[in-house]
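The following blocks contain the structures, represented as C-alpha cells.
One chain, chain A, links the two complexes that follow: it is found with chain B in the first and with chain C in the second.
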Partner chain A sequence: MSLPTRPLTVTIDGRQRGPIDVPDGLMMIDLLHEILDLTGSRLGCGIGICHACVVIWDRDDGTSEEVRTCITGAGFFDGKRIRTIEGIARHNDKGEILSLSPVQQAFLDQFSFQCGYCTPGFVMAATVLIERLARTPVPRGQVEATVAAALEAHICRCTGYVRYYQAVRDVILATPGLTRDVG
Partner chain B sequence: MRSTPGAGSRPSRRQVLRASLIGGIAVYVAPLGSQAFASLFEQRLLTRPDWGATDGVLKYRIDGTSKVIGAKVFARDLRARDMPHWPQQQSHALVLRTTRADRIYAGFDLSLLGDDLKPDRVVTAADLTRDGLAFPDFYGEDTLLPEGKTPAYLGQAVAILVFHDFVRFRFAKEKLQFNDAVIRYGASTGPLQRDPWGTSRFVRVGGNTPYDDDVFSCLKDGPISPGYEKHEPVWPAPARDGELGARGMYHATAIGDELAQPPAEWVVLKRRYATQSGDTAALEPDNANGWYDSDKQELHLVVPTQSPQEVAKGAATMLQSSRIGLKRLFLYPCFTVGYGAKDSCSMPYYGLIAAVYGGSRPVRLANDRFEQFQAGLKRHQLSMDYTVAIERRTGLLQSLRAGIVANGGGRKNVSDLLIKVGATSLGSAYYFPKTDVTATAIASRAVDAGSARGYGALETMTATELMMDDIAGELGLDPIEFRLRNVLKTGMRNTQGAIPTGVLRAEAVLEKARAHALWSGRGARKQAFDADHPGKYYGVGFGCIQWRFGNGAEASLAKVELAPDGRIMVSNSGAEIGTGLSSGQAVACVRWLGRPADAVELAVTDWSDLPVETSGDPRAMSQADQDRLAENPRWSPAYASASSASNSSYYLSHTTREAARIVYVHGLLPAALAIWTRDAPAGSRVPSIEDARWRDGSLTVEGLEPLPLVRLVREAHARGLVVGAAVHGFNRWRWAEADFVVNNVAVHAPVDALSVRYGEGGDVSKPGALQGRYHVLDRQAVIFPPTQNYHAMVGYCTAAGTLAELVVDAASGKVTLLSHHTILDCGTMLVPDLVSGQIQGGTATGIGLALHEHMPLYEDGPGNGTWNFNRYHLPRGSDVAAWTQTAEILQPLSESEPPKGMAEATVIPIMSAIVNGIAHAIGHRFRTLPVTPDQILAVLG
Partner chain C sequence: MTLHRPGRWALVIAAVILIAVIATAAFALQNLLAGKIGGPVQVANASADAVTRGKYLAAAADCAACHTAPGGAPFAGGLPMQSGFGTIYATNITPDPDVGIGRWSAEDFWHALHSGVRRDGRQLYPAMPYTSYRDMTRADSDAIYAYVMQLRPMKVAGPKTELRFPFNLRLGMVGWNLLFLSDKLPAVSTGRSPAWQRGRYLVNVLGHCGECHTPRGIAGEMKLSQSLTGFALGRVAAPDITPAALAARGWTAAGLRAFLMRGTAQQSWAFADMRTVVALSTRNMTAEDLDAVTTYLLGDDPLPVRPPAIDPAQVRAAATGAGRLSYVALCAGCHGLDGNGVPNTVVAIRNNSTPRLADPRNLIVAMLDGVGRNNFPHSESMEAMPGFSDKLSDSEAAELANYLRVTFGGQKGDVTAADVRALRALSP
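After this line comes the complex of A and B, so read on.
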C-alpha cells in the first residue's frame, strides 16, 4: 500500500504517544479508536455536529478547549497535549479508579445519563467549562445560562439534558471561585 | 498467538459459559456485564448498588461508573484485541447499498479503488446462494440483492466488502461513499408494486352503556382481515349473520352509513392527520463484530441488541440451514440503546455474514451515521383519516371511523403488528360507543420501518389528541372539560371491547391538569403577553393519553439466588438499553429480600436451569391448540420478550419479583421462623410470619429479634431451604398462573415455570441438593390467559398528560417552549430518579417529533446515503425548556401496586400539547407533524 504517512507525537492523558506513522487524512477519532485503543470518545455523527467525540486540547497558555476528533485530522495534534475521557478520573498504577472527577461524580449522583453513549462528550464539555470559570468566574445569576451555552452543542437522545445541566450547575455552585457576586 | 474456547480456555470461563442447543448448534451467550463476560474481560462493568437502607433509595445506576468514565460498555467499543480468545488483528467491512429503486440493479464497479484500496473479500448474493446462507424468514428475501432484480427499496444491500486492515478500509470507504458511479443500474422498471405488509380492521358496536356487553367487537368476535386484489385490500361482503368478516363488515357499513347521514343532534367532523417518517437516532449506530473460526467451525459475535434471544436463535438457524459448517455459536450481547430500532434488526445477520467470509479473521461491521440513516430501521410514516361524531348537547363522543395507512418501507419487519397497535390504541383515554378502524401497512421503496418509540400508538394517539381539541373548539368547550366528559373510566370497554386491567387514572390526570396554573390562567396570560410582545404569540396546549404497555404476548425469565455470604444475584432475560433495567432489577428484589441485588446479569439466554419450550404463535394460536400444548409441563406460549422502554419495569421485573418471592417464602421465612422459635420458651406462640417486615436490612415480626439477611441466608443454606429460584412468566394481558409443590408445600404463583435451588446443607436425598443445581419442578396445573385475550390489544394502561407553554414568533415562525408540566401515573416507582429521567428524555423526544424531526421517504430521504444530524435536527438543550420543565407522579394506589411501563407514555402527550398550544397561540390547527417554521409562516402570511 502506498498511502503517504507522517510521524505523529501527541501527549494523551499525560503520556507521550509516538512517534506513530499516521496516514495523511486520518481523523483523530480513528487514531484513538483503532490504533491507540481509546474508544471512550464516541463516534456519533462523524461530521462535527453531535460532539460525542470531543477531547480536551490543553494549550500552552493554560487554557483548554474541546476539539471534535471526528472532523479533525490526527496530524493537527502533533506536538499537542490532549485529555480524553479515559484520563479524567484518577487511576492508580493498575488502572483502577481512585476517584471520579467532580463532574463525573455529579453525573453519577444525579442520574444524568441513560444509555451513556454521549456521556464522555458531556464530561469533557463540563470540564472545560469549569476550568474556564476557574479563570474567569461568572455572576451567580448567570450560571444556568452559562451551563446551557457551554453544553448546547452536545446532543443527547435519551435524557432531555435536564440532569446533565443540573449536575453541572450544582458543581459550579459548590466549587469556590467559579462564581462571583455581581458588582 | 491465538487460543480458542475449545482448548486452552480458562477454567473460570468454562464454568460460567454454558451452552444451550438451538437446532443442533451449541449456543453460548456471555452478555456484557455477566460473569461469563467478566471472565473474558476480567473487569466489572456493573458496580454493587449503593442503597440507602433508611430512605430506600438507590444512589447510583449500577452501570453508572463504567459509563461515566467512557469504559468499553457498547458493542461498538469492542475490537478483536478486547476478546481474549480471538485473533488480535481486526478486519473491517462495509455494505454497498443501492440508492435507486426504480431500475434493474446491474452490479457494481470498484475500479475507483485501484489496487491499493481493493477489498480483500467481496461478498455478493452469489456467495450466499452458493453457500445456502440467507436471512431468517422474518427478514424476507434477498439478504444481498442479486444482479438483475429491481431493488425493493432505497438502501438495499448488494455486497459486503471486507478489508483486512483499517487504513485501507477507511480510505476505500471515503472513495465509495456518496459516489453514484459505484452501483450500476440497467433498465427502468419503476418501483416494485407489492401487497401491503398487513391490513386489519377493528370494528366495535358497544352495548347500551360503556359497561355493557358489546354487540360486536374485536375481543368478542375478532379482528377482520381482507383479501387482496391488485395490491388493494378487498373486504368480505357484509352479512348480518355471516362469518366473522361478513358480520364485522355489516357493522362497519352501518357505522359508515350513520356517519354519512347522522342524526340531527350529531356534529360530524372529518379530519386528516399525518406524522413523519423519522430516525430513532440512537447514538450508538448499529454494528456487529464477528469471528468465524473455520477450523473449529465456531462463530463468535459481539452485538448490540434489544433482543439477544432472537439474535441467538436467528444466527443459529441461519447457519444451520446453510452449507457453512457450524458447531458452536458464541454470542456477546452488550449494553445498547435503540429506542426500538435494535429490536428485530438485521444488522447482526450482516455482521454474521461478514464474519463467515472473513477468512478466519475477526470482522467488524459498524455503520457510520450516514449509513445508519440509510439502513437503520425507521419510524413509520402514518396518515390518518378520522371521521368522528359527537352529540352537541352532551358533548359525548358517538362514533369514530378511521383509516390509517402506515408506510412500512422495503421489508415487512414488524409493520403488520405495529399497525394493529396503532389502530387499537387510538381510543386512548376516551370512550367511543362505536368504532370502525382500518389500518394498512404498505410496502414501499422507503427504508425499512420497524419498531420505534411509541410503536404506532404514538402516531394515532397524537392524532386523537389533536382531534379532541378540534372538537372542543367546534363545540365551544374547554378542551379538558370535553376530555373529562368522554374519559374512559375503570370498568368501561375500550375500542376492542376489552376492559383494561386495574384502575384507569386518566381522569385524575385530567383533573390535575385542569387545576394547574398553566391551564387555568392561560387566557389572561396570553392577553398580557401578546400585548407586551408585539410579533409574538403566547399559547398553552394540553395532551393526554392512556398508554398501553406490553404487546399482549410478553414473556421473561428471571433467576434470584442467595449466596451463602448473603449476596443477592439476579439474572434476567432482558437487555439493558439505557433505561436502567439493570438498576431496576436490582431494586425489584427489595420488597422480598430487604435490599437490592448485589449483582445483576442481563440479556441472559442460557436458562438450562429452567427448561422452557415454546411453539406456535402466541398471537394467533387457537384456544384448542393452546390447551393441547399446555399439557406439556415445560411449554409456554412465548419464551422471552425483547427489551423496550416500557416493558422493563413491569414485565421484566415481574419475574424477578416472583423469583425473589419464592426465595423469601420458601427459604428466608422458614429460616427466620426456625431461628425465632429455636430458643423460645416452651409454649410460646408461633409468630405470624405473614406480618414479617424488612427494617434496615433485617427481618422482624412481633417485636422479635431483627434478623439480618446474611444470617437468614446461612440458616436457609444450612437447612436445605430454597436459596434460589428461576421462573418464567407469560402475559397475555394477564399472567399465566400455575401450581407447583416446593418442599412439600403447594404453591400457586403467577409464573408458568419454576425451578428452585436448595441450600447445600440440607437433605442430600432431595433432588439437586447435592450438586447445588436447580431442581426443575413440574407444574401441577396451569392457567394460561385465553387466546382471545390477545384481541383486547390493550390490557395494562398508564395515564399521562402534559401541558406545554410556548411562544410563536411571527417573524421567524419559530416555536419556543417556555415550560412544560407532565402528570404521570406509573404505579410504584422502582427507582424514582430513573422515572424522572425517563420523563425528561421522553418529553424531549416528543418535542423533536412535534417540531423538528423529519425526512422525506424516498429519493431525497435517508436511503440515498446523504443524511446525518446536520439535516435531521435532534432537540438540543435550548429546545426542551431544560430549566423550567416540571413533573408530578400520581401517588400509587397502594404499596403493592406494581410499577407500570411509562417511558414511551411521556413521549406522546407533549406532542399534541405543543400543536394544540400553537393553535391557542395563533388560532390555526396544524394536522401534519412536525410543525415547522415554514408552515407557521405560511399561515401567518
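After this line comes the complex of A and C, so read on.
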C-alpha cells in the first residue's frame, strides 16, 4: 500500500526545499521532524493549543505570523516562506551559530525557561512581536499589555511566564524604534 | 369611493396609532393614579419551596441569558441586543428599589410577562419575549417573581435603550401588540400526550425558542405560520427545529436530550448563542422536562431519522478539488482526514448537523470566525477552533464549504465566493 502524495516546495529559513512528495494528510510538524530533520519545533499537545510547534510564516506583504504546525497540513505551506527555530540565530556559511537573536539571548540571560520544551514557541512569538513593533511601535505604557497579548496563547508547563514576559519586555524597551513616548 | 391599497393601509395604520395613543394615555393615567411611579418597596415573603420552584422556572425561561451583562452580576441587566431598529439593553431585574424591580408587585411582574408593559406603564420592546411568555401561567410567573425578589439587590443602572425614530416611541408598541401579540403560539408537531403538552409549554412559552428559531417579518414580529423553521438574527442562523428538519439532520430524541442536557451530542456541540442557552437554561432541566421538550420537538410519533443521502460520485469529485486541499491543510489536523474529530476535544464533522443545513452560513461563519473554547457540563469541554478568515480567500472558503457540504452533509456544493464575501462583510 502506498499513500497518495503531492509535491511540495517550501522556503525554510531562506533555503528552498523540495519539491518533496508529501503524503496526503501529513502535518507540517511531521514533515519538519521526519523528512527535513528540523527537530527544534516541539510537538506538544497536537491539537493547536500549546503553541510549542509554531513556525513563522513570512507573507508577501511583509507581515509575519505564527502558524501551528501540529494542526496545519504540510500542503498549506506549498510555495510559502517560513522560518523555524533553527533559523532564528545568525549563522555563518558552514551553519555555525555566530550569535543568538536578542530574544534568545534575553531568555538565556533571564533564565526564562526551565525544561525548555516550550521555548522555541516563545522565541517565535516574541520574534514576530518585535518585528511587528519595528513596523508599528506602541506607546511605552502599553508594552506590558502588548507582550502579554502576543505571548498569551503560549503555554509553559513549568509556569515560567514571568521571566519570559520580563525578557521580552526588556528587549522591547532596550531596542530603539519599538516604542514611542506618547500614546 | 374605493381607496387604493396604500390609502386603505394608511387609514388602518392611522387608526391603530390613534387607538394606541388613547390606550396608552389612559393606561399611563391609570398607572399614575395608582401610584405606579415610586411606591413602596415590595417584600416578597415567599416560601422556600416557591423560591426553589421559581429558580427552576427562571432557568427554564432563561432570564439570565439576557438580563446579565458579560462579566456582570446575574440578573442585573445591561446586555446589549442589536436589532434592525437600534440597540436594546436588557434591564436590571434584581430587587433594587431604584434601578431594579424592588417596587414591583407580583401583579406588575406578571403584567410585564403577559402584556409587555412595565410597572410605570411604558411599553416593553419585544426583545423582551413577552410575545412568548404571554401564555405563562400566573402561578409560574409568581414563582419566578418570588425567586428574583429574594436575589441580592444590585445597584447597577444599565445603559438606556435608544432606538431610532420612530421606533424610540414606545407607544407604537401598543399598535404592534394589537397586530402581532398572540395568546397561544402554534404547535410545530403533532401530539396529545402529557409530555407533549408540557413540552409545548416549555418550548413555546418558558424556553421562548421561537424568539430565535422562528423567522421574523418586516416589523420584527415572529411569523407564526413558519414557527421554529429557522432564522438568522445575526451572522449565525438558529436552524430549523421542526420535526422533519430535525430528522433530516439526524436528530434523535436521545441526541436532542444529550444536546440540551450536556451541550454535546453526536449530531452537534452547542456553539454561539445556543451554548449560553444550554449553560444557563436547558442543562438545569429535569429529565422529565427534557423528555417533554424532545417529545414536543419531534412529536408523539417521531419521524424516522433520514439524513440526506451522500452522493458517492459527488464525493469522489470533491475529493480531487481545491476544497479538499484546504481541508487537509487547515482542518484535518484536528478534525481528522475522515472527519471523525477527537473524542471530548474536537467535534466530529461526519454525521454533524451543521454541514447538513441547506443554509451554509453557520458552516461558513465557523470557518471564518472559529469557535471559542467551551466548557460544557459534566466536565466535557471543547478546545478553541481558530478562525481562518485570514488564511482562506472567498473562493477558497467557498470551495472548502462545498467540500464539507458534499462529503459530510449530503448537500449541494452551491456556495459561491459571493456568499462568503457577504458573511465576511457582516463581521463584528
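The rule is simple: the second predicted complex is superposed on the first by the 180 of 183 C-alpha atoms of A that agree within 3 Å, B and C clash if a C-alpha of one lies under 4 Å from a C-alpha of the other, contacts with A are read in each partner's own complex, and residues count from 1 in each chain.
Just so we're on the same page, a contact is a pair of C-beta atoms (placed from the backbone, for glycine too) under 8 Å apart; a residue touches a chain by one contact, two chains touch by 3 or more.
Since the model is a prediction, treat every value here as computed from it, not as a measurement.
Trainee: Looking at A:127 after the superposition, I want to know if it touches chain B, chain C, both of them or none. Which is it: first, second, both, neither?
Mentor: Neither chain B nor chain C is touched by A:127.
Trainee: Which partner chains sit in contact with A:148 here, chain B, chain C, both or neither? Use first/second/both/neither.
Mentor: Once the two structures are laid over each other on A, A:148 reaches chain B alone.
Trainee: With both complexes superposed on chain A, which partner does A:163 reach: first (chain B), second (chain C), both or neither?
Mentor: A:163 sits against chain B, while chain C stays out of touch.
Trainee: Per the contact definition in the header, classify A:72: touching chain B only (first), chain C only (second), both, or neither.
Mentor: A:72 sits against chain C, while chain B stays out of touch.
Trainee: More residues of chain A in touch with chain C or with chain B?
Mentor: The partner making contact with more of chain A's residues is B.
Trainee: Let me test your reading of the model: by the given contact rule, A:179 touches which partner, first (chain B), second (chain C), both or neither?
Mentor: In the superposition, A:179 touches no partner, neither chain B nor chain C.
Trainee: Looking at A:25 after the superposition, I want to know if it touches chain B, chain C, both of them or none. Which is it: first, second, both, neither?
Mentor: Both partners, chain B and chain C.
Trainee: Examine A:47 and indicate which partner it touches, taking first as chain B and second as chain C; both and neither are also allowed.
Mentor: Both partners, chain B and chain C.
Trainee: Across the two complexes, find the residues of chain A that touch chain B and also touch chain C.
Mentor: Correct list for chain A: 25, 47, 49.
Trainee: Would you pull the chain A residues touching chain B in the complex into a rising list?
Mentor: Going through chain A, the ones touching chain B are 1-3, 23, 25-26, 30, 34-35, 37, 39-47, 49-50, 52, 84-86, 88-89, 97, 100, 104, 107-111, 113-120, 123, 144, 148, 151-163, 165.
Trainee: Give the list of chain C residues in touch with chain A in this complex.
Mentor: Touching chain A: residues 325, 328-330, 332-334, 337, 342, 345-346, 383-384, 386, 390-391 of chain C.
Trainee: Enumerate the contact residues on chain A facing chain C in the complex.
Mentor: 24-25, 27, 47-49, 65, 68, 70-73, 75-76
Trainee: Which residues of chain B touch chain A once you look at their complex with the stated criterion?
Mentor: 59-61, 63-65, 67-74, 76-77, 79, 81, 90, 116, 166-168, 170-171, 174, 281-285, 335-337, 339, 368-370, 577-580, 833-834, 837-845, 868-870, 874-878, 880, 882-883, 885
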